[in-house]
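This structure is in structure tokens; I'll ask about it shortly.
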Amino acid sequence: MGWPEFLFLLEGMKWTIALSAIGFIGGGVVGLAVALARTSGRPMLERATAAYVSVFQGTPLLMQLFVVYFGLVLVGLDLAPWEAVALGFTLHASAYLGDIWRGGIEAVPRGQMEAARALSLGYVSRMRDVILPQALRVSLPATIGFLVQLIKGTSLASIVGFTELARAGNMVSNQIFKPLLVFGIVGAMYFALCWPLSLYGSWMERRLAAPTR
Amino acid sequence: MNYTLDFGPVVTGLPDLLKGCAGTLVLAVSGMVIALVIGVVGVVLRESPLRPLRWAVIAFVELIRNTPFLVQIYFVFFALPLIGIRLAPTPTAIIALGLNGGAYAIEIIRGGVQSIHKGQVEAGFALGLHKRDVFRFIVLRPALRAVYPSLTGQFVMLTLTTSIASAIAAYELTSVAKLIENESFRSFEVYGTITVLYFLMSWLMMRAFGLVSRRYFSYPVK
Amino acid sequence: VTPDQIKKRGRVIIGIQGDNPPWGYVSSAGKQEGIDADIGELFGKELGVAVQFMPLEVANRIPALTSGRCDVLFATMAMFPDRAKAVQFSKPYVANQIVLLAPKTVAVKTNADMGKLTIAVARGAAQDTEVTRNAPPGTNILRLDGDAASIQAVVSGQAQAVGGNIFYIRRLDEAKPGVFEQKLTFTSIYNGACTRLGEKEMNAFINDFIDKIKANGELRKITDKWMKAEQPPMPERIEGVSFTAS
Amino acid sequence: MHGVDKWYGDFHALKGVTLEVRRGEKIVLCGPSGSGKSTLIRCINHLETIQKGRIVVDGIALDDSARAVDAVRREVGMVFQSFNLFPHMTVLENCTLAPMRVRGTKKAEAEAIARRYLERVRIGEQAGKYPAQLSGGQQQRVAIARALCMEPKVMLFDEPTSALDPEMVKEVLDTMIGLARDGMTMVCVTHEMGFARQVADRVIFMADGAILEEAAPEAFFRSPQHPRARTFLGEILAHH
Amino acid sequence: MHGVDKWYGDFHALKGVTLEVRRGEKIVLCGPSGSGKSTLIRCINHLETIQKGRIVVDGIALDDSARAVDAVRREVGMVFQSFNLFPHMTVLENCTLAPMRVRGTKKAEAEAIARRYLERVRIGEQAGKYPAQLSGGQQQRVAIARALCMEPKVMLFDEPTSALDPEMVKEVLDTMIGLARDGMTMVCVTHEMGFARQVADRVIFMADGAILEEAAPEAFFRSPQHPRARTFLGEILAHH
């Protein structure tokens, strides 16, 4: 395996990072909405989002991507690969992040909400200034844990034609026929991406577990 | 739109798909059992006084958690023969799934063990119980109860992960689906159907976990 | 779509294999190469538009076409009757042989000998169809995702034989020189371009294009470059596969 | 507050409670646990919705409309048993948040107001700290200052000292006595009888969701009329 | 226990403590918070390791060897402030676990023993319940029964009543008095002076990791010698 192959893998890794970023940002925005809806106190909204979460947590990401990319076209929604992947990862990530953050919101003591109400803060301010900062802090380790899952999950984007790290590895191994070596390197590259995040996540967790008062 | 849906091949293939579901459940459940064993044993080793053992567990956990399952399963499949172990795809997939789930289970169960009040352990020691018995009889069950939701959530994810095992020709739903797809080229119908089947399986799995929890963890707490 | 629509758009999207050298693959430089790629470039020239390749895997070639993600497939599509129900084939443009390969130490003389072996194939590829059809019932067929996995399976010993095409032996020799040999030849198969069912104008246009490059020797140049072997003549008809849209 | 009824599901928590508080009046609410004291004062600023009756605060009828709720909450400050300071904000930020977000006060001005009230509860030097760095008594005084920063017309207190160590009770009570002296309208749930004696205009005794007795503190402590009130007082005094 | 020193890191928790307890004797340990009372009794059954000195229980020298630790723990029962019952086991299972695992007693026999001791702490009818279904006082009595099931020669108590509501203190103290009457050797950390008066042979007063005073209960309560002991007693009595 030579230098050009390695550069090719690096190129794939760039896509992996880009896809993860898309998924994380899209999933973050929608996931926040999901989390807020699930804690809104409106039964209809809560049930709808609970169903949403269980559907996207209950089916393999690979199938979701496939249905979004090749299925939506059939009903006339022609998405570019980019858009399809962004949509697929957003759906997937928002279900998980929404669930993680809902847990965080529920972990904030009730009194915080009541105190904010008693100060006549409006909904937006209550959430933005009081509840969410505390909720996100609590859920940070789980959020990072999910980000790691997402990075690894982008390997499935090859089904819609992205040459990200895993697919690049596949292509290289098809040309030089040393899959063990190539996948070893691919694994190491994933590891290099994910491990720092994992370390940061467990560091955060330990810091949160330490008594704060 | 110049494509008409045709579920005919899916309908004729339904018995095979259901057999595939059974295959998936076999992979998932055996993987979970192995994962649970690895999780419990791993936690014990992780807390052992021997430093190399602790480090080995940490390295194992980090390695598995930070690489894609596809890479892991290829390694198990292609690397085991190099050291003379030649297993059929399904056992290979079970081993890979067990290792993968085990790494997550170690971290989760460890969190549960740490959440057990120190007084419980001390009470066990004060009664003259050995460390082994204290872990087995006093710590383990409350620890598992404490982390039950995350553990079962992880196991449902493991069920979905089995779909990747089709890459090494293990017998499970996705590989059956790919076969039907190859014969009929009705991709959307096939994948749409198995998406529903996966959802049903994970839903069933959650229900089953709920039952287990009611049987096994139903002691009252304050 | 019609050729006119594509010309107006100024761009043709060609579905092609991304990881199957030398048919179609993305090189380490990130460039689409291979027999199908060269033909695709010619096809773009014929239309007078830019070419955009969409690298596909074995499994998603047909969905990519039928869902309208690409206009045409030059994607190592062997012309089988069952596939012809899902897509419209053109006239064949290249021939391929489906063979069984195994280490020299494994004894295989007849189809019946396959019964006691574990045989790796790339799921859904022509060799899958051929091995499945020719091997005695009960043969252990290991259907893996893609050529690389099936080749690795026989190299690592997970399988004792592998179904493949004429290019496999070269790759096997690279992995383990001198160990493998070709055991059985199942059939000659022919690859055609694919369009969606019912798109008559596209089909006619492609058939004309294939006739033209056959006649002016451009096709010959491409096959010589990649195959280093004589191509048999293309058949006039294939059982169960129609070359022209009805 | 007139004829207020409140149910939690099947549970009848307030039974036709009628209570009028005049401007500048100080009311102490007492009664056994579960009698509905917290529920009552939480209804006043609509932390709980009522099913029957009418509540009017400073001329505003409290229906369930968002406008009425907002208007009332602006006039009513509340202090909880468990402080409920926002742990991720400094003391000063705790105090300036509501004025800035609700009244649209400029930051500099909000801080000036906050510092004034923090001084008043004698905790001005802690403005830059986080709640977790303060003692319980200090935290409760911050909570009082935070409520005052909205310059409310009425202050509600729900057992403001019961989560505190004995040494800290006094500093909080002193702060409340100071407030009372300055003429604030106050409704306090508390079992601190010394405080009731010193500042209350009326003591109200509740049990089982109803007001059983209403009297001037001296009269109430000397000779409670209702037998339940008598047992209750007996228990409390035995503890002290 | 002779010349025992114990450090937590840099912190010197026990400073040359020497204490002898005769068979059948009842000792009450008291002293201000942080004085090292818990540490002392936790050293006796090796829940803490000591850095200097010697501890001998019933003839067994407690070095750090597993055999000595095992032997000592079998003879010593302990009751904690926070009960520490095992929440996932019934009362009966709590009591039979150690006999079955440590002594290898058969299940039927272990249950018979357990029921006997549960009767003795007057809680026999609760054998099938889970700890969370019992009141604090009942839980603590189960904890005592659980320790007794190992038929120890010495019982250690670390503030067994301080986590209990006042009504429940008495039932636990009565149980302990009963035990004392039956001649059990007991070392109790407690601030229940009534109990000390009634059953203690000696009261030991600790402060800052050292034993400051040792006396018969009557003498100790009437005229404590050490000034620290005097202030301490003053505080305790003021509370009651």
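The first chain written gets the first letter, and so on, giving A, B, C, D and E; residue counts start at 1 in each chain.
As a convention for this text, a contact is a pair of C-beta atoms (placed from the backbone, for glycine too) under 8 Å apart; a residue touches a chain by one contact, two chains touch by 3 or more.
The UniProt protein names, listed by chain, are A = Amino acid ABC transporter permease; B = ABC transporter permease; D, E = Glutamine ABC transporter ATP-binding protein.
Note that the coordinates shown come from a computational prediction; the quantities given were computed from them, not determined experimentally.
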{"item": "Neighbouring chains common to subunit A and subunit C, by label", "value": "B"}
{"item": "Lowest number of touching-chain links that must be crossed from subunit A to subunit D", "value": "1"}
{"item": "Longest centre-to-centre distance from subunit A, chain (CA-based)", "value": "E"}
{"item": "Of A-B and B-E, whichever chain pair has more C-beta contact pairs", "value": "A-B"}
{"item": "Longest centre-to-centre distance from subunit B (ABC transporter permease), chain (CA-based)", "value": "D"}
{"item": "Chain centre separation in whole Å, for subunit C relative to subunit B (ABC transporter permease) (CA means)", "value": "37"}
{"item": "Distance from the mean Cα position of subunit E to that of subunit D, given in whole angstrom", "value": "44"}
{"item": "Between subunit E and subunit C, distance of the C-alpha-averaged centres to the nearest whole Å", "value": "82"}
{"item": "Separation of subunit A from subunit E, taking each centre as the mean of its C-alpha atoms, in whole Å", "value": "53"}
{"item": "Shared interface positions of subunit D, touching two or more other chains", "value": "none"}
{"item": "Two or more partner chains touched - positions in subunit B (ABC transporter permease)", "value": "3, 74, 78-79, 187-188"}
{"item": "Sites on subunit A at which at least two other chains make contact", "value": "70-71, 74, 179-180"}
{"item": "Every chain pair in contact, whichever chains are involved", "value": "A-B, A-C, A-D, B-C, B-E"}
{"item": "Residues of subunit B (ABC transporter permease) touching subunit E in the complex", "value": "117, 119-120, 122-123, 125-130, 133, 137-138, 141-142, 145, 217, 219-222"}
{"item": "Residue numbers on subunit E that touch subunit B (ABC transporter permease), as the complex places them", "value": "45, 47, 70, 73-74, 76-78, 80, 82, 84-89, 97-98, 101-102, 130, 132-133, 143, 146-147, 150"}
{"item": "Interfacial residue positions of subunit C with respect to subunit A in the complex", "value": "18-21, 25-30, 54-57, 59-60, 63-64, 67-69, 146-149, 151-152, 155-156, 171, 174-175"}
{"item": "Residue ranges of subunit A touching subunit B (ABC transporter permease) (in the complex, touch as defined)", "value": "54-55, 57-64, 66-67, 70-71, 74-76, 148, 152, 155, 166, 179-180, 183-184, 186-187, 190-191, 193-195, 198"}
{"item": "Complex contact set, residues of subunit C against subunit B (ABC transporter permease)", "value": "59-60, 62-63, 66-67, 82-83, 85-87, 123-124, 128, 142-145, 149, 152-153, 156-158, 196-198"}
